[in-house]
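Take a look at the structures below.
Same chain, two partners: chain A is paired with chain B first, then with chain C.
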Partner chain A sequence: MAEEVRAEMVANVWKVVVTAGDTVADGDTLVILESMKMEIPVLAESAGTVQELRVNEGDVVQEGDVIAVIG
Partner chain B sequence: MFESLLVANRGEIARRIIRTASGMGLRTIAVHSEADADLPFVRAADDAVLLGPPPPAESYLDAQRVLEAAARCGASAIHPGYGFLAESATFAQAVIDAGLVWVGPSPDAIDAMGDKVKARNRMSAAGVPVAAGTEEPVQDVDAALAAAATIGYPLMVKAAAGGGGIGMGVARDDAELRAAFETATSRAQRFFANPAILLERYIEGARHVEVQVLGLADGHVVALGERDCSVQRRHQKVAEETPSPGVTPALRARMLEGAVRAAEAVGYRNAGTVECLVDPVTQDYVFLEMNTRLQVEHPVTELVTGVDLVQEQLLIAAGDPPAADLDAVEPTGHAVELRVYAEDPRRFLPSPGHIDVWDEPAGEGVRVDSGYAAGNTVTPFYDPLLAKLCTWGPDRDVALDRARAAVAAFRIEGLKTNLPFFAELLADPAFAGGDYDTGLIDRMRR
Partner chain C sequence: MTLLETGVTIVRPRGAADPRDPWMRLAGLFDDGALRPLASQSGIGVVTAVGRIEGGEAVAFASDAAVQGGALGQEGCTAIVAAYDVALRQGLPIIGIWHSGGARLAEGVASLDGVGQVFAAMTLASGRVPQVSVVLGPAAGGAAYGPALTDVVILGPHGRVFVTGPDVVRSVTGEEVDMLRLGGPEPHGRRSGVVHLVADTDVDALARARDTVALLSHPGHLDDVADRNFDDLMPESARRAYDVKPVVNRLLDRPGLELHARWAPNIVTTLGRLGGRSVGVLANNPLRLGGCLDATSAEKAARFVRMCDAFGIPLVVLVDVPGYLPGVGQEWDGVVRRGAKLLHAFAEAVVPRVTLITRKAYGGAYIAMNSRSLGATRVLAWPGAEVAVMGSVAAVRVLHRRRLAEATDAARPALEAELATEHEQLAGGLDRAVSLGVVDEVIDRDRTRSALAAALRSAGVGPASRGRHGNIPL
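And then the complex of A and B:
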């Protein structure tokens, strides 16, 4: 089943670490957000393939926005 | 005294500087990004200039745009606040070259203290105690491991050009040092455009205590007591108090004397803070770094001394004598500051958002320096400081009781804040008893 990884807070996308099609393990860093001068890594919560990556570096994400879909 | 002042900063500190400057009869000019147009500091100023888009590099860190704003408004002086351009010797020089008054120390003094390796060596030469550490920037991980073998673990790994706790890490063995070195190097490159690293012996159970100094216009340096800043998360301060419960009168006298010597060694003028680590067991202290600007936590010093540090900064910058007899100042009572952050009170993760309700506490011994009001939006572009809640009392117990009441009365709704954490902190036996060190929050969260 596909897992949607969402942003926990309003933030800027500082770094996108993976690309669509990559295989990831549980706990791998997908993207690094930045909010209020703090870097916040967004991690995969299950192993699988990155089916979709919905953000680019420099984007602003809102709380609850889907960042990636892991399947 | 000059006629007008541009404040090259935002939020609570811009508003606080404008308050004193207006009271002195100066025309005040705020500069702001698109994200901050509705904040109270913009309204508090006589004039306001839009610098640019929200990212700091395109607004508050863009020296050219700040100087253009100053020229357009006919500003005669610039106060940088803290952070952003405050510790840029290049910016200070550019302000002076533009024919404006720079409210801060000379570019040379900023430069001498800006590199932590150089500053350490200079302080050591001036007879100020420093921790065992590297006397040259550490270039690579092999050099770090070699230095560690000489200095011994545990070690603190820091960016030589750094500040704000960014990139700092403790290493207790070679494996931890490798990891901490890599983190520190990448953060140092990213945040400070300088990957140089400094290693220093880490003192377990140390308190972080700093001394407020003022270098007066006539060249004489005074020390206005200490502040204990040991309540930290991610190596960043959360609460401060003065006097420090961990500093004896004998140690205080040595620290104040050392801080004056440190400032004199670089011909320091204006407000500065000498940061130290104190070993509560041996009652020894070591110099950490000097912050060449007004400090976030300056209000606690103001509350016990009655000195308006911003007023003294402006007088010094104008070449005028101080408003108070600073050599005769005797601190009275006890003051605490709680940094109210837009962050969740459990994990301390950022929580930007819209402020629906903002209701500040008031009362005897309560001072609130705030950057926001109801209806404002806290954006993710800047640090999470919303307000500084400060209380004063004739002794520490009264100051803490007033802090407890003020925390309970402060209503902020619409986003998460760390106010619930402060209720916890003020009830914590170690904090309430004054017996704590920089590991306090980690122990509370274990």
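And then the complex of A and C:
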């Protein structure tokens, strides 16, 4: 089942670590957000393939925005 | 003479009876499965008993799922209230095992009156003896609020907690929903905060209840501790987020019992032992929401502080907090009202409470995380930690807004950095916090465990230091 990884808070997308099609394990870093003067990694919560990556570096994400879909 | 030595034969339930049998469930809770029933009535839908947990006596009751689905009638409720009387008189922890449809319909208002008396007994016992609930089946209506009034709620894999079941929801609102989605591990472990611990099996649920009771009622004595190294758990960049849970677990003698692990995960609340002594650890988790405090995490932390204070469990507070989470959502969520609970909880706590600032403590969140001003027993900091109203770059952007605006785009970053360094020397920095007395001591990371233990020891960890208040489920 596909898992949507969402932003927990408003943030800038500082670095995109994976690309669509990559295989990821539970706990792998997908992107690194920048918020509250902190670099906050967004982690995969299940193993699978990155089916979609919906953000680019420099984007601003709002709370609840989908960052990636892991399936 | 203790309750177990009154000459009454100890019952040892045996055989492969129905696993839902309340005696079997109580036996799974107590040492060696040995227990003594407190009441002899049968068919009242509730059984009550006394036994031992890790050597110490404890009272427990269980609803009997085989009798009217565990529904609570007047007699069953009276038995629970009687068990509470025993626990309070003897100062024993009390554990409830729930599998109940709520108040007995057939008894009408009499059963409601009984359930209300159980709630009253639980509230009177709150903060005086530890109360733990284990929900192993559906716990609806009154059976939902029973656990909710207690200190720690543990949910087994078949546990479902809700006020109104799927049928009522469907008939009233037309919404199609099952028991799992209404009140299973996902909603209560992650969204509502009703459940402190989610267990994979019934056996595991009872084992966690034993662990909880042991930590809350057998605090132990503080012995010498061996130091450990934390360097590999901390990122090199001060800006990089990391998971604080391994830090908490390395701080403790062995990995602790994390309560509310998936609810408000930006703050970690863990019971464990340091030098053999029960302690409660609170820690900001930078991995979640950057470690910001928000309305929900402040409430979670406040309840944990008050529970530990009520039972004389000293607190260790690990601080790495960038501030309160800003935004309209938070303000409307009551971050002011709910955040105030944490200030109140720390400021009224009489139990020894030691703060360790690991990286940074900014602004109002600095105050809320057991600062000196709220009465911290001792405040320690790791080298390089920052204590400030806000980060230095953010501060100079406010203080020197005009000067920065006048600078050329090319010159601005360098000016900003220069002003920030100057600001740190003038206004902030660890040295100033130490000279003001809001930080007592800067300690090397690899002295952490011994320094925390020494701070608790000098505060006099004893039965006298215990808050006199209930543990309202904030």
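In this section, the second predicted complex is superposed on the first by the 71 of 71 C-alpha atoms of A that agree within 3 Å, B and C clash if a C-alpha of one lies under 4 Å from a C-alpha of the other, contacts with A are read in each partner's own complex, and residues count from 1 in each chain.
Keep in mind that, in the parts below, contacts are C-beta pairs under 8 Å (C-beta built on N, C-alpha and C of every residue); 3 or more make two chains touch, one makes a residue touch a chain.
Remember, predicted model here, so these are calculated numbers, not experimental data.
Trainee: Looking at A:V60, would you say it contacts chain B, chain C, both, or neither? Reply first, second, both or neither.
Mentor: A:V60 contacts chain B only, not chain C.
Trainee: Determine, under the contact definition given at the top, whether A:I40 touches first (chain B), second (chain C), both, or neither.
Mentor: Once the two structures are laid over each other on A, A:I40 reaches both partners.
Trainee: Go through the superposed model and pick first if A:V10 touches only chain B, second if only chain C, both, or neither.
Mentor: Touch status of A:V10: both partners.
Trainee: Going by the contact definition given at the top, which residues of chain A touch chain B in one complex and chain C in the other?
Mentor: 8-10, 35-38, 40
Trainee: With touch defined as at the start, can you tell me which chain B residues reach chain A in the complex?
Mentor: Of all residues in chain B, those touching chain A are 164, 166, 234, 342-343, 349-353, 379-384.
Trainee: Applying the document's contact rule, which stretches of chain A touch chain B when the two form their complex?
Mentor: Per the stated touch rule, the residues are 8-12, 34-38, 40, 60.
Trainee: Going by the contact rule set out above, which residues of chain C touch chain A in the complex?
Mentor: Interface residues on the chain C side: 237, 239-241, 286-292, 322-323, 325, 327, 329, 391, 393-394.
Trainee: Which positions of chain A touch chain C when the two form their complex?
Mentor: 8-10, 35-41, 43, 63
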